[in-house]
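First the structure, which I've put down as structure tokens, then a few questions once you've had a look.
Letters A, B, C and D mark the chains in the order given here, with residues in each chain numbered from 1 onward.
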Amino acid sequence: MYPTTMKAAVLHAAHDLRVEDVPIPELGPEDALVRVRACGICASDVHYYVHGRIGKYVVEEPMIVGHELAGDVVAIGSGVRHLAIGTRVAVEPGVTCGRCAMCKSGRYNLCPDVVFYATPPVQGGMSEYARIRADFAHPIPDHVSYEQGALCEPISVGVHCSNLTGIRPGDTVVILGAGPIGLTAIVAARQHGAGQVIASDVYPHRLEVARQLGAIAVDVRTDDLAQVVMDRTGGRGADELFDTSGVRSVIEAAPDLMRKGGAIALVGLPADDSVTYHMLKVVDKELSIHGVFRYSNTYPAAVALVASGQYPVEAVISDRIPLDQAVMAFEKALNEKDRAIKVIVTL
Amino acid sequence: MYPTTMKAAVLHAAHDLRVEDVPIPELGPEDALVRVRACGICASDVHYYVHGRIGKYVVEEPMIVGHELAGDVVAIGSGVRHLAIGTRVAVEPGVTCGRCAMCKSGRYNLCPDVVFYATPPVQGGMSEYARIRADFAHPIPDHVSYEQGALCEPISVGVHCSNLTGIRPGDTVVILGAGPIGLTAIVAARQHGAGQVIASDVYPHRLEVARQLGAIAVDVRTDDLAQVVMDRTGGRGADELFDTSGVRSVIEAAPDLMRKGGAIALVGLPADDSVTYHMLKVVDKELSIHGVFRYSNTYPAAVALVASGQYPVEAVISDRIPLDQAVMAFEKALNEKDRAIKVIVTL
Amino acid sequence: MYPTTMKAAVLHAAHDLRVEDVPIPELGPEDALVRVRACGICASDVHYYVHGRIGKYVVEEPMIVGHELAGDVVAIGSGVRHLAIGTRVAVEPGVTCGRCAMCKSGRYNLCPDVVFYATPPVQGGMSEYARIRADFAHPIPDHVSYEQGALCEPISVGVHCSNLTGIRPGDTVVILGAGPIGLTAIVAARQHGAGQVIASDVYPHRLEVARQLGAIAVDVRTDDLAQVVMDRTGGRGADELFDTSGVRSVIEAAPDLMRKGGAIALVGLPADDSVTYHMLKVVDKELSIHGVFRYSNTYPAAVALVASGQYPVEAVISDRIPLDQAVMAFEKALNEKDRAIKVIVTL
Amino acid sequence: MYPTTMKAAVLHAAHDLRVEDVPIPELGPEDALVRVRACGICASDVHYYVHGRIGKYVVEEPMIVGHELAGDVVAIGSGVRHLAIGTRVAVEPGVTCGRCAMCKSGRYNLCPDVVFYATPPVQGGMSEYARIRADFAHPIPDHVSYEQGALCEPISVGVHCSNLTGIRPGDTVVILGAGPIGLTAIVAARQHGAGQVIASDVYPHRLEVARQLGAIAVDVRTDDLAQVVMDRTGGRGADELFDTSGVRSVIEAAPDLMRKGGAIALVGLPADDSVTYHMLKVVDKELSIHGVFRYSNTYPAAVALVASGQYPVEAVISDRIPLDQAVMAFEKALNEKDRAIKVIVTL
């Protein structure tokens, strides 16, 4: 049994995050209730914390933050047949309709009716309990930690980039930006067989983690990334590239790093929302450029990745902070970029 | 037997095109000699005619123009086994190495060592005879005309766009620009099963041909293309889009026309070589954007298209002019855009 | 408004089909009620009619037959937002869960929880009214007849074969068996761009319809199919082949008809359920062989196919019979194979 | 400089293998000459050694055996630009035309004009020097041994199986047969991201190596493979399966091991060349079955695999024997199946 109220990290407005008691959500027949044990803080959570909004999504009612979580199933709805109470799970945070053309064709991340955690007015999961439709609760083996389970969410972005760009074993993959998404994308690319991953950033501690995760790390303040890529590919260029930096000038320079026929995935959004490409380069090399919106069908790969034990992905976790100190956790994520990477709230 | 010299349309410098006698090329062991019967004038031919160059490719020595051709095989090299003298053929104008990673992986259009007709210093094929490696001479049935054979070259661009963007039967395809490439892309998209093709331009005679080829034609001077696309797709947007206009503002507006998960092919190059995308749209819809560089493995489809008799693709031919009057043919292609579409030189 | 009971063709046991009054099904919140106007008889319907079962599926309770239908939406459940009363629709007859891994990855035909019309104990749709989850009711344009709408079901099988085998424009496709599935597959293959379709059978009237639908028709009693295929492909062999005959010896001979790298789709099941392949042929040509189970994501293509007006697919309809005479309709489908092809029941 | 004659292992007839002096092959303009340092013995080599033929390929003239090799480039033809003397290389043993439709579409393994080492009348590479067209000599890094380079050939088979069946990260892959092909396929499947690989055989020493390579090893004499697969997949079945056993009964039981929508690759050929499938299983699960003929575009992945150091693939090498004792090497490969796996001849 479980109680009727729970503690949750609730955002009331910009810079007004409170850990408070709220009702435990009621379950529909297809839902599961998860006792959350770990919940990562994402850049989008921090953005809501600072601005109270992301574009058209405005925090108008108190909203529980968080969408990177793992825990134990403690209750299931009447119609749930494939998930048992007691199962340890990583929670995929966007519930889709399963009826529209996007869902039916396998690209459910593009479902127009998706209900995604911590996107107003949808409640998130940085709370002792979280409700999810049972098919989005992915079992994890006993030897996978809750933290690793929570990391399956950012890892999924890298898996999706790998799928969209079609990494093939032996390929050279460049990853621009070594924040949590870029770093977890390193291991996703390696899981897809990348022969070498070249990761760039300006923060030494992030580059150090990139190295731990198996990447060739390039500090673009001191080294010439294009030179490294060309040296490492016999002058040919990268097969795939993921931009996770969101820096306009970085994105615009990406075509120069590519081989003919290469593929670029764009995850990061530049501040002014604009990117200018020199079309002659894009056409001459016949590059493909892929916008990346979340992910679909990636959790099995992400769970397998952490379960394999081959990649020390926990290296991205810089801080583990209990729920009671969630405000401090957000402040660290916001203010300590020269040290913090992924901050995990434990529950 | 055939003579040792031939008439050819030779470009000596900008605006200096001469029909003159030149030696017939010698054959290597893998080559075929084609008695050319039809050769289309492409926008690139006109660009060389006007400017004497395209970017880094400069006409420094006299160069035979033309790369859209069909004719009869009149001689073959000693090593040719799969092509007989007397065969009617459409000529694919770029000879690739067959050894590099691009060739071996099926994307031979990206071969760094491609030898492409009428790209300095490579001679073109607007001449009584043309040499081609035999495997690039594609047999055409008797009921296919030489003109239709010559059109297989621009059709190939549309076939390649269709392949790169992954058209599926029933899809809605938007084609921006209804010049020769855009118009032949209409039939290529239909051959790939497009449920409806919406083509836009500003020239009424081109839109009229677009209609003859089965497209919904939109005059963007008077009609709202976005409105038409949304009306025709139940508000969903296009599945695929090919830009053949090369107009920057047109390309930049393309994401608004697309459904989520849609694919864009870029054929036309804007004058200033720059295109600025609003990344939020590209990411939010998870669009893919594909640079298009010529084509590969498209001639079988293009020949099948014209052979099927299902599409009146000859409607794109506005002028048929004998080789002797090649200068006039170029002047028409250059100056009569309000009337001329594809000008074919006959030989 | 609509009544509370309706006429339906109800199978009580083998050879015991009755047209009788039954209650109109109640709608759930996601459902639509369709006033059925045309319903085709499928070979599986006839099999239930003759044997009272198909394998493990046994008619133990009275079951409405039929799963190829089209009609008008006359009511919708409270949660339906994307389908309006009055819409003319083709009904996709298998409702899937939208939650399992197969559904989420785009292969919903493999959903283990599919609820498919006229598969015991699920009721079919040869009745004045039929219930379907709204997302499986596909709007058809006004100029598409209900009969054409009903044909979207068998056409879907051909579309799915085309997708699984990866037809590319210009390909040569062989279709073994020219019954309703084989004949509609001809047009599906053509919609996917097939350059030529070669169809084989032993019934002259079916071969005649094959010709009307654009195929090269081969009577295997008098002609050598392998010879025809090789003649028509320059000795190379077919690119794709669909078996709809279910005749063991025919299936086993298929590899000889293929080019290297070709793809075979198997739709028909042989009577003894066994097929023996000579592996050396399969390996030497690197053939791929695809089992085909119904279809997924095919209705948009099928509706576009009939809407295009390019293919006279109605030629497969040999009989149109009112619901009151459903028993006679089944007897014709069963006994008049030398004349009847697709029997449509009108309502 | 290098001499004009060399030692080679020359098969004169069945059981008549001699190490003798032969001329060093002359180079054409596109060729490289490799000083061979390691050459594996393949089952096909042994088959020629025992029978003097494989099917239609008969050893009528003395033939150098061997097609799994690595060494140093010591000379290049006049037209070679992308390969330098002194480069350490793994040699891909089939030279293809680069002109036919199969080559151009990226499936060059199906080139009808392929010239493959040690397939009569083509000479093999178990000799001090071997000629290869330069584009089939793949550079290997300094830290990759010649033995690892030689293993790139059998590894390529596993890479090709992985590509044909479309392994996705996290998948469960079953490999039937743990000989050299099956064992190297384990690491190829892992490189493609397989979440778990289940390998079966009857020889304990092979199963032990399978375990070293990261597989779950199943001794089918004592354990129930189907039970293991179902236990390891939650009752779902394998995503992909490669048969390398060539045992008819094993191949025929494979569909029972698969999940719906799974893919099977067939590498091994049964002795009587026949396999009988129960079509209902193949259709009901919508399985795809892929004949596998050698490989194409796999060497970059295979080289990356051995270069990564992640997989102890050398564990498959049971014997290293100098060229002078090549006969003994063949006898070991032939007679010591309870101990020997891959026998490498060193030069």
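The definition used in the following text is that a residue touches a chain if its C-beta (ideal position, glycine included) is under 8 Å from a C-beta of that chain, and two chains touch if they have at least 3 such contacts.
Keep in mind the model is a prediction, meaning the values are calculated, not measured.
Colleague: Give the chain pair, either A-C or A-B, that is connected by more C-beta contacts.
Modeller: A-B
Colleague: Subunit A to subunit C: how many Å between their CA centres?
Modeller: The answer is 42 Å.
Colleague: Would you give the residues of subunit A that are in contact with at least 2 other chains, written as numbers and ranges?
Modeller: Subunit A, residues with two or more chain partners: 105, 107, 300.
Colleague: Going by the touch rule set out above, what shape does the chain contact graph take here: line, ring, star, complete or other?
Modeller: Drawn as a graph, the chains make a fully connected set, so complete.
Colleague: Which residues, counting only subunit C, touch subunit A once they are in their complex?
Modeller: 30, 82, 97-101, 103-108, 133-135, 296-297, 300
Colleague: Give every residue of subunit D touching subunit A within the complex, in rising order.
Modeller: These residues of subunit D touch subunit A: 159, 162-163, 168-170, 188, 191-193, 195, 300-305, 307-308, 310.
Colleague: Sort out for me which residues of subunit D touch subunit C in the complex.
Modeller: Contact set of subunit D toward subunit C: 55, 102, 107, 109-110, 112, 164, 251, 260-261, 266-267, 269-270, 273-280, 282-293.
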